[in-house]
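Quick heads-up: structures coming right below.
One chain, chain A, links the two complexes that follow: it is found with chain B in the first and with chain C in the second.
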Partner chain A sequence: MAKITLDKLSHSYDPNPSGPDDYALKEIDLDWVDGGAYALLGPSGCGKSTLLNIISGLLTPSDGRVLFDGKDVTDLPPDQRNIAQVFQFPVIYDTMSVYDNLAFPLRNRGVDAARVDKRVMEIATMLELEDQLKTRASNLTPDNKQKISMGRGLVRDDVNVVMFDEPLTVIDPAQKWKLRSKLKELHQKIAVTMIYVTHDQTEALTFADQVVVMQDGIIVQIGTPVELFERPRHTFVGHFIGSPGMNVLPCEVSGGLATFGGHPVELEGRISKVGQKTEIGIRPEYVRLTDSGIPAVVRKAADIGRHTVVEVIAGKSSINAIIDGPPPEAGTQVHLSFDPSQTRVYSDGWIATEVAS
Partner chain B sequence: MSLELRNVTKRVGADTHIHATSLTLEMGVFNILLGATSAGKSTLIKLMAGLEKPTTGEVWVDGQNVTGVSPQKRQISLVHQFFVNYPNMTVFENIASPLRVAGVAKSEIAGRVEEAANILQLAPMLKRFPDELSGGQQQRTALARAIVKESKAIFLDEPLANLDYKLREELREQLPELLAGRGTVVVYATSEPTEALLLGGKTALVHEGRVTQFGPTTEIYHSPTNIHSAMVFSDPPINQAPVTKRGSEMHLGSQLSWNVTGEAAGLADGEYTVGIRPHHVTPTPPKEASVAFTGTVQITELSGSESVAHLMLGDLRWVSTASGVHPYELGKDHTFHMIPGQCLYFSPDGSLAARGADHG
Partner chain C sequence: MKTENPKAWFFVLPVLVLVAFNALIPLMTVVNYSVQETFGNNLFFWQGLDWFENILRSDRFHGALGRQILFTATILAIEIPLGVIIALAMPRSGPWVSVCLVLMALPLLIPWNVVGAMWNIFTLPDIGLLGYTLNTVLGIDYDMTQNPTAAWATIILMDVWHWTSLVVLLAYAGLISIPEPYYQAARIDGASNWSVFRYIQLPKMKRVLTIAVLLRFMDSFNIYTEVFVLTGGGPGNSTTLLSIDLVKVALGQFDLGNAAAMSLIYFAFTLLVSWLFYTIMMKDEE
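Right after this comes the complex of A and B.
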């Protein structure tokens, strides 16, 4: 187990990069504490897989260093980094039993039989695979195969880090729940540093203590799930996290006041900077349908069980609101009010209001 | 236009993949097949599309028995989970291919391709090849191919499953509007309950080769007629427990009892299974009447807007979901509140016996 440091890391697949656009990763600085559960979250092409490959040693970065517990490992090949990886598709030996599959990474390192047995039994118990230890891996369901892949990733207790690359992609939603909780439980029991790469916000937020959100090769925000939800630093984070994501609405700023479609909008606090493009960010959870306020027309509404998602049109903007109670009819005239403590201005994408003290 | 399964079964060797199923799907509504992987959704689609032949029973489209008719002759479109495009053709040619196969006049093709491309926002990409497109654009190309020709039915078999989360959200928004008013029967298979609710329309719940319930999506979410439907249509899974009704009280082991409410007040004394959705088990007292109990918190998950707790109630593992952030201590006892008015009570045979809510 180790603390992982990424020091001024950048990478271009182009041998002669001519500008920032040629970089898949732009200067990344990051410290991951020993024993934490981390997620790398972002859409396809954001650089998260590149970053993962650099940490595992499959890729050497163009610039910068990777440190495990302060020791520079940038030039070490994967097999000398002492890491475990779990991939999107199960990697197991079909002809071996579940037991032998779990034992493999330990036997491979010459661990003595008694210790192998102890670890395999511990991991099998945690994953609820005790009854299937003698089963041939080829006879397992896809989710049990993936459980074994996870077990193989977790069986060694001397690794620096366990990395998961979209491990639940092939799993059924009902099973996803179980495996996700299992993984979380395992992390709480064995406290090894884990890095989980995904494009799925739910997986990232439920697994990780701290989430790194990436876009276009940069880190746009690092925070706890609550921080990312409550106060997105960038409109991208607000949009990407949450379902539906944060409403991002064009606004005018003058004299320290923000207006949307001519209506004054009360904010969480003072506007600290004004760039070329100013927008208001407000999550659907904090938009209310009221009798007075910004006029809007209901476009559609969906009862999704726990609550209702309403899409309204105000001026040229589409705005989502999450409400309790029955869905209003399409075409209904409504008024919107925004919870001021959750309403912010973003300037050129970045947060530009300060929390009132 | 309608598509009808009449007493269709599908057996392969000794295995029954589809038990006798009758189902009528109409055009003008979004028809959803919701069920876990390998529940039988894809088999149902293959039977409807003619890619598989039913062992017994008939398939009717537009008032005609098409049971033995090949898929090519059925005028249908199919979109799979994995984007299937011709890698050596441009987006234009990919979209045009079904028209060329159908022998549509050359003069008409360009206009129809452009129309489909516009709807799916592919107009700027018509000259590109599939490998120059993002995953979402590739799947939109597959969708454009499905809508470019006139079909009696369009089958979408988990078409968004392999897309990025946000893209999925976007296309899910657009699909119902895109396919509305095209004069075809739309059938959409998914394994995600929330996706079904967001798509609306009508849903058929599929469980182990059977359609357990069919009706307007929100209606069957709120009123499952059996425990399988309740299980299929709940994410996270619905909490369950064996309970005993004695007089006006419902007993869950020795830990918990409550006064029966609503329809359930009329139930005969005896053994039932209670089902209650995770958001009706809350860490703070809800507005509705509730009973408090103590659960040991095993795992917590924070998804930003929501707190999820996995808790042990005796030997039972339940899940609670609530808006906002709730501080739980792992391994510690916490008080939870369960809403009897939201309970569903099932008979030993799995059918819904009564709800904790009133009629209607």
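Right after this comes the complex of A and C.
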């Protein structure tokens, strides 16, 4: 158990990187608190697996350090870091029984047989594999194979962190739910730091206490699921999280006021900086169709269960609004109003409004 | 409901004809010979199973079969582990992969009789590179045309040189199909190199190695050309393997009935061992 610190970490797969574009990770500073449940969220190729492999020691970073409880482990191999990692595809030792699979990491470390037996039984019970301990691992279903992979990570009680690299990719949807809640339950039981890498926002938001959002090798925002949803620090976060994502609309800023298509837009607070590109960010949940406000034309409406997503065109921009009740027909003239407390200006992608105190 | 379309047979016909002409009809001819005594002028006399009985009781056949089994067992015991070791040592990525693969494929590309001829010259005591080096430079008395042990060492060395590559290529194909996370997980689990080999690499190579053993068993059990060109079965009959003996009987003595019965026993033995081995290896696969 340890606090994990990433200190000015960067990594390039190119041995002679010539510019920032050659870096898969660009200067990352981050603390993972002991016992936390983290999700590392981002699209494919954003560097999240690279970051994970650096923490586990499978990769050595080009620059920067990895600290476990203040101790530099950057050059230590994975087996000396006391970490566990679960991969995208279940890794099992085919010829071994389920029991031997779970016991393998302990036996390799010379743990005595009685203790191995105790731990294996505990973990097998937690994962509901106790009936299958004698089965050959190769005969299991994919979700049970992945449970074994997880079990091998969890069986050692001295691990600093257990990392999951998109572990539910090959699991069918019904099992996904079960495994995810199992994982959450396990975390509450054994309170070891867990880092869960995924590109699926639902997985990230349901599993984690803290979500780390990455894009193009940088960390865009760290926060609780609610924080990420309520106040995205970057248009990318707003767009990536939420379904549909945040509306990002081009706007003009002059004299501390934002206008969209010539209409003044009321914001959550003062604009603190103005860059080259300014945009308004507003989630569809806070866009309302009213009698007065920004004029728009309804393009289409989609029923998503309890709500309706209405897509409207205002000027050249397409805006999503989530409304209750019957949707207007396509082609209807409507007016939009934005909830001021949820309307923000983003300057060059980054949030540029301050909450009025 | 399964509907049967008789036209389907039409599509299978070419294969049936092909198989009939290259396997079934020749085999049946052999069966026909094996139960008769042949003389000149196409005279045939019914012999029943006498030939089979004679062969199974003959010391000559026992000797050839024994030598054949010894040869095949020896080359399998060398080529399979050696092939696996070389495959493990080969790089998995980078520019050296193609270099290694080409080097490995080279011996396989050489025609069999050329292999025999090459080794024949290579081992000549007066001018062959190996023969000269052993006799003159190292002072070891080596002449495979005189000494049965030297002849055996040479045919085994030749076969290892010629065919280990096949095992290497198959084992290598098995190895590179193992996804990287297996190795990563093993490192994280603290597995030793031996454990990685024993629990990851070997199980993942099992299928290709089964194929490798089968191919090498069948090929080496039926080996003729290379050994015939190299030693001609000598000195004496010390390297007279089954196929060499068979050709001596069939073409040297023109003893067709005897040779035919011997072929069938030989064939049945190869088939039986291959089938047994495959069945045992695949027993615990689903």
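As a convention for this text, the second predicted complex is superposed on the first by the 356 of 357 C-alpha atoms of A that agree within 3 Å, B and C clash if a C-alpha of one lies under 4 Å from a C-alpha of the other, contacts with A are read in each partner's own complex, and residues count from 1 in each chain.
In this text, contacts are C-beta pairs under 8 Å (C-beta built on N, C-alpha and C of every residue); 3 or more make two chains touch, one makes a residue touch a chain.
For clarity, every value in this text was computed on a predicted model and none was experimentally measured.
**Student:** Would you sort A:11 into first (chain B), second (chain C), both or neither based on which partner it touches?
**Tutor:** After superposing on A, A:11 lies clear of both chain B and chain C.
**Student:** Report for A:56: first if it touches chain B alone, second if chain C alone, otherwise both or neither.
**Tutor:** Only chain C is touched by A:56; chain B is not.
**Student:** So, does A:85 touch the first partner chain B, the second partner chain C, both, or neither?
**Tutor:** second
**Student:** Touching A:306, do we find chain B (first), chain C (second), both, or neither?
**Tutor:** first
**Student:** Could you tell me if A:234 is touching chain B, chain C, both of them or neither one (first, second, both, neither)?
**Tutor:** A:234 sits against neither chain B nor chain C.
**Student:** Identify which of chain B and chain C touches the larger number of residues of chain A.
**Tutor:** B
**Student:** First (chain B), second (chain C), both or neither: which does A:344 touch?
**Tutor:** Touch status of A:344: no partner.
**Student:** If we overlay the two complexes on their shared chain A, which of chain B and chain C does A:172 touch? Say first, second, both or neither.
**Tutor:** A:172 sits against chain B, while chain C stays out of touch.
**Student:** For A:145, is the partner it touches chain B (first), chain C (second), both, or none of the two (neither)?
**Tutor:** Neither partner.
**Student:** Looking at chain A, which of its residues have contacts with both chain B and chain C?
**Tutor:** none
**Student:** Spell out the residues on chain B that touch chain A in their complex, using ranges where they run on.
**Tutor:** On the chain B side, the touching residues are 36-37, 134-135, 164-167, 169, 191-194, 197-198, 200, 218, 221-222, 235-237, 277, 279, 298-299, 301-305, 308, 310, 321, 323, 325, 330.
**Student:** Which of the residues in chain A come into contact with chain C in the complex?
**Tutor:** Within the complex, chain A contacts chain C at residues 53, 56, 58, 77-79, 83-85, 87-89, 91, 93-96, 104-105, 108-109, 136, 139, 149, 152.
**Student:** Going by the contact rule set out above, which residues of chain C touch chain A in the complex?
**Tutor:** Those in contact with chain A are residues 179, 181-182, 184-185, 187-192, 195, 199-200, 203-204, 284, 286.
**Student:** Considering only the defined contacts, which chain A positions touch chain B in the complex?
**Tutor:** Per the touch definition, chain A meets chain B at residues 43-45, 172-174, 177, 180-181, 184-185, 188, 199-202, 205-207, 224-226, 228-230, 239-245, 283, 285, 302-306, 309.
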